[in-house]
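The next part holds the structures, each set out as structure tokens.
Below, chain A partners chain B and then partners chain C, in two separate complexes.
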Partner chain A sequence: MINFAKIWEILVTKFPAFMEGVEITLQLAFFTVLLGSLLGLVVAICRRTRLAPLRWLMNIYVAFIRGTPLLVQVLLVVYGLPQLGVKLPRMTLCIIALVINSGAYMAELIRAGLQSVAKGQVEAAESLGMSSGQTMLYIILPQAVKVTLPAMGNEFVAIIKESSILYAVGVYELTYQAYKLASVNYYYIETMIVAALIYFVLTYVATKLLGLLERRMRRADTSAA
Partner chain B sequence: MPTRQPLDSGSGQEILIQIEGLVKNFGKLEVLKGIDLNVRKGDVIVLIGPSGSGKSTLLRSINLLEKPTAGKIIFEGNDVTQAGKKELSLLRQRMGMVFQQFNLFPHLKVKDNITVAPIRVRNTPKEEAEAKARKLLERVGLIDKWDTWPQNLSGGQKQRAAIVRALAMDPDVMLFDEPTSALDPEMVGEVLDVMKNLAREGMTMLVVTHEMRFAREVGDYILFMDDGQIVEAGTPEQVFDHPQQKRTQDFLQKVL
Partner chain C sequence: MKKCLALVMALCLALCASQAALADMLSDIQEKGTLVVGASVGFPPYEFYYTNPETGEEELQGFDMKLAQAIADELGVEMVLADQTFAGLITALRAGEIDMIASGMAVREDRLEVVDFSKPYYTGTQIMMIRAEDAETLTTVESMSGKRVGAQMGALQATILEEQFAASEPQLMDNISLMVMDLLQGTLDGVLLTDLVAKTYIARYPGQLVIAEVPVEYDNSDGVAVAVNKGDNAALLEVINSVIERVTTDGTFDAWVDEATALNATLLEE
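On to the complex of A and B.
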């Protein structure tokens, strides 16, 4: 039987612990999207260069990350890097793992965004004497970012959920907090339902806010005249 | 065998663009089969011919949007086909181009479309670039669109803004690639008027167009192209009223 009163009780009495988890979860998602999109951008641009080895390297990176489980990547970074002498806080290692993972997916999104910019835009920029760097910076990127932004928002929401995997390496994010509580109070179902509800509120609100932002950006485009 | 004499627009003064033996292949397809042409300063040269005849490719080769397979394009003393990145940028800055699909930058307002290249490429101070942009927009009757997004302009307005964008770099020659082909008929006139004014002011122009009235009225020199070659060339009177070649006659009969 599910004890519904208990769900409420756990939420109220353990609220600070859950909020601590929420804070870490959101931090993870925020830094991962921020740094992951920068990494993705660099990778996406490198995949367009004429330097074949650089292109291959980036393709291998993207293929490898997309073809292996996130948990394995996390374990590799969080326990592997310290073995190689990289001494960093656990949280930092986790962010590194998530960024490496997210960067590969972001690279694909950004590549699609770059490809969506019409060829005529490049020709117009070149005909004005712009170098390929200037064309990228002032003409292609701003248009590509706009196309990619909604997908980046989705990535943020996805990482809120996916970062729960970090409970396996003992980072105090939301899932770990819930797991820790449950292993003391033995109300596994009720405690996990609280965690699930909190995750749902987070992703729901984030999705709504991002939708609002997107609509406003689109409106700024058409009504500014 | 007689040496090949380049076609020469002849009416102007010094030669601005000298094209020698220009060949362009797309895979096995020969699009340009050895073009020789001299463009003199101040001349308006209109390229006509059936679609697929290579006239757009010829125009796009001049600023190296298409990389020629063989041949030379000497612009103001420099071979465009041999230019390094830096030099090519400098050469392109002196050649304005106007596209069939306008290719305005949709993420920039009209003013920024016009000033982005002067500011970023030529390091012109912002105030100076904007002052010049205002003056040019006024000349084409678009000053009220200064703060407008491109997507809120009509086709004719877009093309006039695109012309201004090219002029903002102070080019020595303007290349027009079917500038009115994507326009609704009622907007063709406003764009052609801007081009006529430019021609009157002495701008050197190469124009690919299907507007035969414009070609006759404004062109100093008409080139009829077919199958990758310049089939016939001369003044509008020569080409339109007394075409010598059968292919020219057939084409003109269809379009006039």
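On to the complex of A and C.
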């Protein structure tokens, strides 16, 4: 009993509302990946230090975030921080929640990237008299980041989808817009199909663009070799 | 052979279709022996979970639930609750997942296009709940402009918010308790609610929340009613209306409202 004509009508007549949602969704994904990868980088490096307590702390953080649902984390941050006296706009709190979540996953990705750098590179740097900090900054990191970039792109695509649960705390992203429309037009399935199509276009285009970027980087590899 | 099979299938289909058309909703419900009632529980005193201090068991309370139970009793079937988000109730009703909605649902024109309503059984008053410290400043619709106002997604209050408080910044959510938390924490400046629900929260946070002087205008002639799917619902509506007629005239319904309000008050004392 799906009304296909209605799907088109909803898309056309409510396009501005959906686009408003798309804008917020993309903003959320952009800032989350940008700040999340920085956080992930810091965490990944901290997990390699000789300071055991710092290592433990970071391991607990990653384990906790990966072991709890995103919605629960969002509710904890969005309602917990104001309780502790941190008054920030709703959107900022949501980005903080997403960054805390994404940072843990990014840390894992970056760890894999750091591990992928051959040991010989480190030994070569040391033999040249570089300090461990210099080795990390000039030798390991550039190579690790390059390996990790495609995975970070995937994280961008993942956040586009995952940020949909923020509708529950009233952030005007794409799912919120669709849900709001459905709650007054009573064409629930049709409206959600429109939302699904828009999400798919977003993630498909993002994936394709990231694929191009990846190929471009491989070309740089072969020309260097 | 193939033609024969097709013919038989077509006949079967036609038969099924005509049977479905013949059976009205009332006999459907009586045949399956259950009345599936859709409600968004967590809306005291309309419907809420109450832990009985004597038995320690969780009970379903609220005057919507009492009414639904009375309708099920009248039909001679078992009442089954389907607890869902408010915004999804009408879709569930239209999809046939639930038989009726008893969830403080106000009769509204746009809803009448997709479902049918019983006689109204309750008329609530819509109000704006604000923090006590803002009671002096937030007194008019104009004073709410630019302020963040919350309302439940898909509810009557969401329509009021859109129509009457167009200059305010709207925030629609499923969960009323979260909106109240937002109000207390300062993320929201006002929440549109039915007075009974607002009074519950004001009792819970005395001195922190108040009902604003802001006038909330809406057409209240229709009130809150039971919703059923469109179709062959005449017999079912007749039973529902007769139960509503009985309980609202003999004082039973008023007693349910008092009981639900009192039970909810004991919850708040703990």
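Going forward, the second predicted complex is superposed on the first by the 223 of 225 C-alpha atoms of A that agree within 3 Å, B and C clash if a C-alpha of one lies under 4 Å from a C-alpha of the other, contacts with A are read in each partner's own complex, and residues count from 1 in each chain.
As a working rule, a contact is a pair of C-beta atoms (placed from the backbone, for glycine too) under 8 Å apart; a residue touches a chain by one contact, two chains touch by 3 or more.
All values reported here derive from a predicted model rather than from experimental measurement.
S.K.: Can A:Gly170 be said to touch chain B (first), chain C (second), both, or neither?
M.R.: second
S.K.: Looking at the overlay, what does A:Glu108 touch: chain B (first), chain C (second), both, or neither?
M.R.: Neither partner.
S.K.: For A:Glu123, using the defined touch cut-off, is the partner it touches chain B, chain C, both, or neither? Pick first, second, both or neither.
M.R.: first
S.K.: Applying the document's definition of touch, where does A:Glu214 land relative to chain B and chain C: first, second, both, or neither?
M.R.: neither
S.K.: Could you look at A:Gln134 and tell me whether it touches chain B, chain C, both or neither (first, second, both, neither)?
M.R.: first
S.K.: Between chain B (first) and chain C (second), which, if any, makes contact with A:Glu20: first, second, both or neither?
M.R.: After superposing on A, A:Glu20 lies clear of both chain B and chain C.
S.K.: Can you list the chain C residues touching chain A in their complex?
M.R.: Residues of chain C touching chain A: 87-88, 90-91, 94, 110-111, 113-114, 150, 153-154, 158-159, 171-175, 178, 181-182, 185-187.
S.K.: Show me the residue ranges of chain A that touch chain C in the complex, using the header's touch definition.
M.R.: Those residues of chain A that touch chain C are 75, 79, 82-83, 87, 90, 168-170, 176, 179-180, 182-184, 186, 188-189.
S.K.: Which chain A residues qualify as touching chain B in the complex?
M.R.: Answer in residue numbers: 118, 120-121, 123-131, 134, 138-139, 142-143, 146, 221-222, 224-225.
S.K.: Enumerate the contact residues on chain B facing chain A in the complex.
M.R.: Its residues touching chain A are 63, 65, 85, 89-90, 92-93, 95-97, 99, 101, 103-107, 109, 116-117, 120-122, 147-149, 151-152, 162, 165-166, 169.
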